[in-house]
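What follows is a pair of complexes built around subunit A, which joins subunit B in one and subunit C in the other.
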Partner chain A sequence: MTRKRFVTLTLIPAIGLLATLALVSIAGAIWFSVMNRTLRSADYEFVGLHNFLRLLRDRRFFNALENSIIWEAITVIGTLTLAVLLAVLIFETVKKPLWRNLICFAFLVPVLLPRVAAAFIWRFLYSPSLGVINYLCGLVGIGPVEFLANPSLALISVAVVDIWQWGLFFTVILLKLLETLPREPIEAAKLDSARTWEIHAYVTLPMLKGPLISLTLVKAVESLRSFDLIFVMTGGGPGTATETLDLYAYQMGINMGGRISYASAMSVLLLIVTTMAFVIIWKAGKKWTN
Partner chain B sequence: MQVKTFLLGTVFCTLAVQAHAQDEMACKGQVSSLNVIGQGMPAVTELSNRLSEFNAKWDTEVRITLLGENERRARARLDASTGAGSYHVMYVDEANLAEYVSAGWVYPLADVVPESYDLADFRTDLRNVATIDGTQYFAPFVGGGDVMMYRKDLLEEAGLEVPRTLDDMVAAIKLLDAADNRAHGWAARGQRGSGMNVWRWTPFFRALGGEWIDDGMPAFNSPAGVAATELYKDLMAYAPPGIATFNWSDSVEAFRSGQVAILIESDVFGPWMEDVAKSSVVGKVGYAPPPDPLPSAGWAHGWAVSTVGAAEGCIQVVAGDFVGWATSKEMEQQRLEAGIASDIGRVSTLQSDAFKALVPQEYIDALLETGPKTDLLIMASPVWPEIGDTLGLALEEIFAGTRTDVQAVLDEAAFFAEDSLAGLK
Partner chain C sequence: MANITCKNIVKSYGAHPVIEGLNLEISDREFVVFLGPSGCGKSTMLRMIAGLEEVSAGHIAIGGTDVTDLPPGERGVAMVFQSYALYPHMTVADNITFGLRRQGNSRAEIAPRLKQVADLLGLTPFLERRPKNLSGGQQQRVAMARAMIKTPKVFLFDEPLSNLDAKLREKLRTEIRKIHMQLKTTTIFVTHDQLEAMTIADRIVLMRDGQIEQMGTPDEIFERPRSRFVADFIGTPAMNFVRAEIRAGDELCASGGGLTLTLSPHSFPDLVAGQKVELGLRPARMELCGQNSHNAIHGTVVLVENMGAEGQVITNVAGAEVSFVTKDFRSLSPGDPVTFSIAPDHIHVFDPETGRSLRKD
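Then we have the complex of A and B:
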C-alpha cells in the first residue's frame, strides 16, 4: 500500500462522518426553509421561497443582521486589540519567566469558565442596584448605569464579557509567539535606535502576520456562536437591542410559536452570507500574507 | 338476595382492586428511568430531595431536568411536537395548557393518576386553570392569584393609608418614591415574555376594559391597551434602575432587599418576604388585594403525563404515579415541615395548622379577600404563547425606550397576532 493510499484510506472515515453530519443538517435546514412547518402541528406543505421573501420584509431580521455585524466587528477587533496590547506590554515589562507564567495562568481562567457561568457572573456585576461595577461607579459619582437595560449600552456591555474571555486567552498565545521570534531582527532595530512601539509595529507584529490572521478567523467564527452569552445576559433585549441572527432564529423557531421553517430560512441565509464573508476575508488575508 | 349480591359485589370489587394493584406493581423494575422536565420552583427542588422514596417504590431512577420558564416551555414543546418523547412527565402551566391539549400532548389527569391520590382535594381555583372543557389535565402544586405587598413602615412614615384603588396606589407610589426613605416606589416585570411583562401588564389592560379578541381579530391595540401600556411605563419611572429588563425574580428580590415600597406580584411570593434567611423586610410587609379595579391574574403550575413520552403501558403507569406522588397531601405536608409555604396545591394543606404557623394571618386574609378577583386573564388559546411573546417583545421595546409610539408598536404586535390566529383556522 502506497503512503498516499494509506493517508486517503485513514482520512475517509473521519471526513465522511464530518461531511455526513454537516450535509444532513444543512439539507434539513434547506428542506424546512421551503416548507411551512411549525412545531404546533405535524402538517406542513411546500411554500417555495415564501419564507425567504418574508424575511426581506422583516424589520427584526434586518435589525438582527445589523446587530450580528456590529457584534462581529466589536468582539473581533476588541479581542485582537486587547490581546496585542497586553502581549506587548507583558513582553516588555515582565521579564521573569515565573511571573510571566503566573500571569498566563491567570489570563487562561476566564476562557476556562463555562460561557453560561461567565454570563451569570457578569450579569450580577452589571446589576444597577446590587452590582460591584455600579458600586465603583457610584464612588466616583457616576450612575447607577443600566449596562444591560440601556439599549445603547447593552450590546457593548455583553461584548466586553466576550472580549474579557477571549482577549486574555489570545494574549497568552501572542505572548508565547513573541517569545519564539528570532532575536536578531529585534536587536537590529534596537541598534537603529528604534523605539519600543516602532519595534513591535514594524518588526515583531509583521512577523506574526500569519498567526494574527488565523487568530482573527478563529475569533470571527467563535463570535458567530455567542448565542449562550447573549441569551443569558440579555435574552436579546432590551427590546431587540442585542438580538443577533442566531438568537432571532431561536426565538422564531423554538421559543416563539415554533416557526421552524421561518427559522430555517434565516439559518440558510446566515450560512450563505457568512460563507461568502469568510471566503472574501480568507482570500484577502492570504493576499496580505503573501 | 340483596345481602348475597352485596357480598358478591364487595368480593368482586376487592379482587378487582387487588388485581389492578398487582397489575400496576408488575411494572416495578420495568421502567429503568423516568424523565421529567421541570422548572426550579421550591416544590420541584424540594422534590429532588425525596426521589429515593419513589425510586425504591418502582425500582426506577427519576431524572428531573430543571430549566428557566421560557427554556422549559421551548424544550417541552420541541420534545412533544417532534415526537421525540424524551420526557415522560411534563411541567405544564396556564399559558401552554391550551396548546398542549389541542395538540394532544397530555393525558387527562384522571386517566393516568390513581384515585387514591384524592384528585378532588386540589384547590378549586388551581383546578379551574388546569381544566379545559371539564377535563383536568395537570395536577397543580403551585398557583393562585396576585397580592399587593407594601412596606408598612414606609407607608406609616409617609402618613399613607393602604391603597384601595388604582389611583390611590399610583399616588402612593409617587409619594413614596419621592420620600427620603432609600426605597423606590414601585417594581414590576419589564422583561419580554407571555409569562413575564405581559403577565403583569395584563391586569392593567383588563382593569381599563381591554379585551384580547374583538370579532375574531386581536384587540389589544385598543385605546385600553394603549392606556394600560402608558400607565405601566409611567410607573416604571418610580422603579429601580434596570426595570425595563426585570423578570419576576428581579422584582421580588428588589422588594425583599428593601429597595421597593409597593409591589404587586403573584401571591406565592408572600412567604418569601417572611424568610428570615433571605429577606431584609421580615415583619415590615403588609398584604392586601390588588387595588380596584385591578383584577388578580390566576395561574397554576403542575405535572402532567406526556402522551408522546409515556405512550407505553408501564411508563404511563409509573409516570401517572409520579404525578400523584409528587402532588400528594403527604408531599405538601413534608414541604411545610421543610419551611416551604409558597407552593400549595391542596385545600387540606391550606387548612392545616402547619400552614397557618408559617405565614402571617394578614397574608392569609389577603389571599381570601383576593380569591373572588382571581381569574385567568390571558387569552385561552393554543396560540397564546406566540401572541403573548410577540406582545412581550413589543412592550419591552416600549419600556426600554427603543420605540416610543405605543399605538404603532401595539398595532404591529396585533398584526402579527392576526397571522397566529389565522394559523388556527
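Then we have the complex of A and C:
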C-alpha cells in the first residue's frame, strides 16, 4: 500500500463521520428554515423564504447581530492584546525559569475552569453588594457599579471574563513561543540600539506573525461559542443588551415560543455570514504572511 | 581612536568561573584573533565586550571610555554572528539599515550609505530579497554589511565563517582582511580554526580554560610557542613530541625515543645534563637527508599522506610515530627505511611537568 493510499484510507472514516454529522444538521436546519414549524403544534407547511424575509425586518435580530459583532471584536482584540502585552512583559522581567513556570501554571487555571464555574465566580466578583470589585471601587470612592445590570457595561463586563480566561491562556502560549525564538536576532537588534519595545515590535513579534494569525483565527472561532458564558452571567439581559445571535436563536427556538423554523433560519444565516467572513479573513491572512 | 582595554575580567555562571582575571590591551586599528579550543571562553569574552553578557568583575574600556555598564547599543560596537542572525522577515536593505533607522536617521540620509556598503560587498542585486532566499555566503555578507554601515568603533566577529564551505570561507576571509585594510577599524575575530587565525591576524590571543595562554603575532606564536599546549594547538600537521634526556658532553644534546639531537646552547642555556625534557619537532621543519647528516633521525615509513604539493610522511622511530613533511614523498612507500633531519634552531624543548617552553631567547 502506498503512503498516500494509507493516509486516505485511515482518514476516510473520521472525516466521513464528521462530514455526515455536519451535513445532516445543516441539511436539517435548512429544511426547518423553509417551514413554519413550532414546538407547540405538529402541523407545518412549506413557507419558502418567509422566515428569512421576516428576519430582515426583525429589529431584535439586528440588535443580536450587532452584539455578536461587538462581542467578537472585543474578545478577539482584547485576548490578543492582553496576551501580547503580558507575554512580552513576563519575557522581559521574569528571567528565572521557576517563576516563569509558576506564572504559566497560574495563568492556565482560568481556561481549565468549566465555563459555567467561571461565569458564577465572576457573577460574585461583579455583585454590587457582595463583590470584591465593587468593594475595591468603593475604596477609591466609585460605585457601587452595576456591572451586569447596566446595559452599557454588561457586554463588556462579560467580555472581560472571556478575555481573562483566554488572554491568560494565550499569554502562556506566546511566552513559550517567544522562548523558542533564536537568541541572535534579538541580540543583533540590541547591538543595533533598538529599545526593548522596538525589539519586540520590529523583531520578535514579526517573527511570530504566523502563530499570531493562527491564534487570532482560533480565538475568532472560539468567540462564536459564547453562549454558555453569556447565558449564565446575564441571560442576554438587561433587556437585550447582551443578547448575541446564538442566545436569540435559543430564546426563539427553545425558550419562548418554540419557533424552531424561525430559529433555524437564523442559524442558517449565521452559518453563511460566518463562513464568508472567515474565508475572507483566511485569504487576507495568507496574503499578509507571504 | 578605539583601543580596547580589558582589566581583570572575571565571568562566572553560578559558582563556576569561565573567565578568570583576564587582562588584555588591544590598540587602535589592530586585527586581533581570539583562538582556542571549544569551550575556552572566546565567545564569552567577545559577548562581554559587546555588552551582551555582563562581567562578574573587572572593567572594559573602548576608546578610553569605560563601557562596563553601558548597554550594547551605546558601546559603538558591531557584531557578526556565526548564525548570521539576520531579521528573517525584513528585506536585505531593511536588515542592513535597521540600526541606523533605530538611531533616528531618515531613509534619505541612509540611502547613499546603503548603496556604498552594498556595492562594497556585492549585495546590490539582492537588496529587495528576504534572507531565506540567499545562500549562506550572501547571508553572511548581509550580516557584515549590517555591521559596517554603522561605522562602529569596533568590529566583533564570532566565528563568522564556520557555517560556510572551505572555498567560500577562504574567499570571505580574504575579503574581511581587505576591508580591514581599507577601513582600519579595530577588530576582534573569534575562531577555533588555527589556520584561519594565522592567515588573518595582526595578533593572536590564544586562550585556554578562560585564561590567555599566549599573545603575539602569528609568527611569534608559531616559532616561539611559550608552552607545549600552544605548540600542539598551532600548525598542521601537528607537532611531534618526544620524551628525552639531556646528555653530558661538549655539545648540548638530548636523546630519547630512538633519536639523538643537538640543541642550540644559545637558545637553551639553562639545560643541565640528566634533565628530563620533552622535544617538539615540527613536521614542516624536517626534511629528508643523507645517512650521516647532522641531527639525522632514522625510521621506517608507516604511511604517506598526499597533500598535493607536499606529502606528510608518518614514520616509526623506535616504536613511536614521528611525522615530517616533504616535497619528495612520491619516492617513498610504506616499509621503506628513511632518514630525515631537523635544524637545531627549530627544535622546541618543553618542561615535561609544567609544559612551559625552556627556550630563553
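Operating definition for what follows: the second predicted complex is superposed on the first by the 290 of 290 C-alpha atoms of A that agree within 3 Å, B and C clash if a C-alpha of one lies under 4 Å from a C-alpha of the other, contacts with A are read in each partner's own complex, and residues count from 1 in each chain.
Everything below uses one rule, namely that contacts are C-beta pairs under 8 Å (C-beta built on N, C-alpha and C of every residue); 3 or more make two chains touch, one makes a residue touch a chain.
These numbers come from a predicted model, not from an experiment.
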Clash-or-fit label for the pair subunit B, subunit C on subunit A:
fit
Mind working out whether A:Gly285 is in touch with subunit B, subunit C, both or neither, as first, second, both or neither?
neither
For A:Pro110 in the superposed arrangement: first (subunit B), second (subunit C), both or neither?
neither
Please tell me which partner, subunit B or subunit C, touches more residues of subunit A.
B
After superposing on chain A, what angle in degrees do the C-alpha centres of subunit B and subunit C form at the C-alpha centre of subunit A, to the nearest 10?
150
Would you sort A:Met207 into first (subunit B), second (subunit C), both or neither based on which partner it touches?
second
Counting only touches as set out at the top, which of subunit B and subunit C does A:Gly258 meet: first, second, both, neither?
first
A:Glu184 in the overlay: touching subunit B, subunit C, both, or neither? Say first, second, both or neither.
second
Could you tell me if A:Asp192 is touching subunit B, subunit C, both of them or neither one (first, second, both, neither)?
second
One more residue to check, A:Pro128. First (subunit B), second (subunit C), both or neither?
first
With chain A overlaid, the minimum CA to CA distance between subunit B and subunit C in angstrom is 49
Check: subunit A residues flagged as touching subunit B and also subunit C none
In the complex, subunit A touches subunit C at residues 182, 184-185, 187-195, 198, 202-203, 206-207, 209
Of all residues in subunit A, those that touch subunit B in their complex
38-42, 127-130, 144-146, 148-151, 234-241, 251, 254-258
Spell out the residues on subunit B that touch subunit A in their complex, using ranges where they run on.
70, 73-74, 77-78, 81-83, 99, 103, 190-192, 240-245, 254, 257, 259, 382-383, 385-386, 389-390, 393, 396-397, 399-403, 420, 423
Quick one: in the complex, what on subunit C touches subunit A?
50-52, 71-74, 77-79, 81, 83-90, 98-99, 102-103, 146, 150
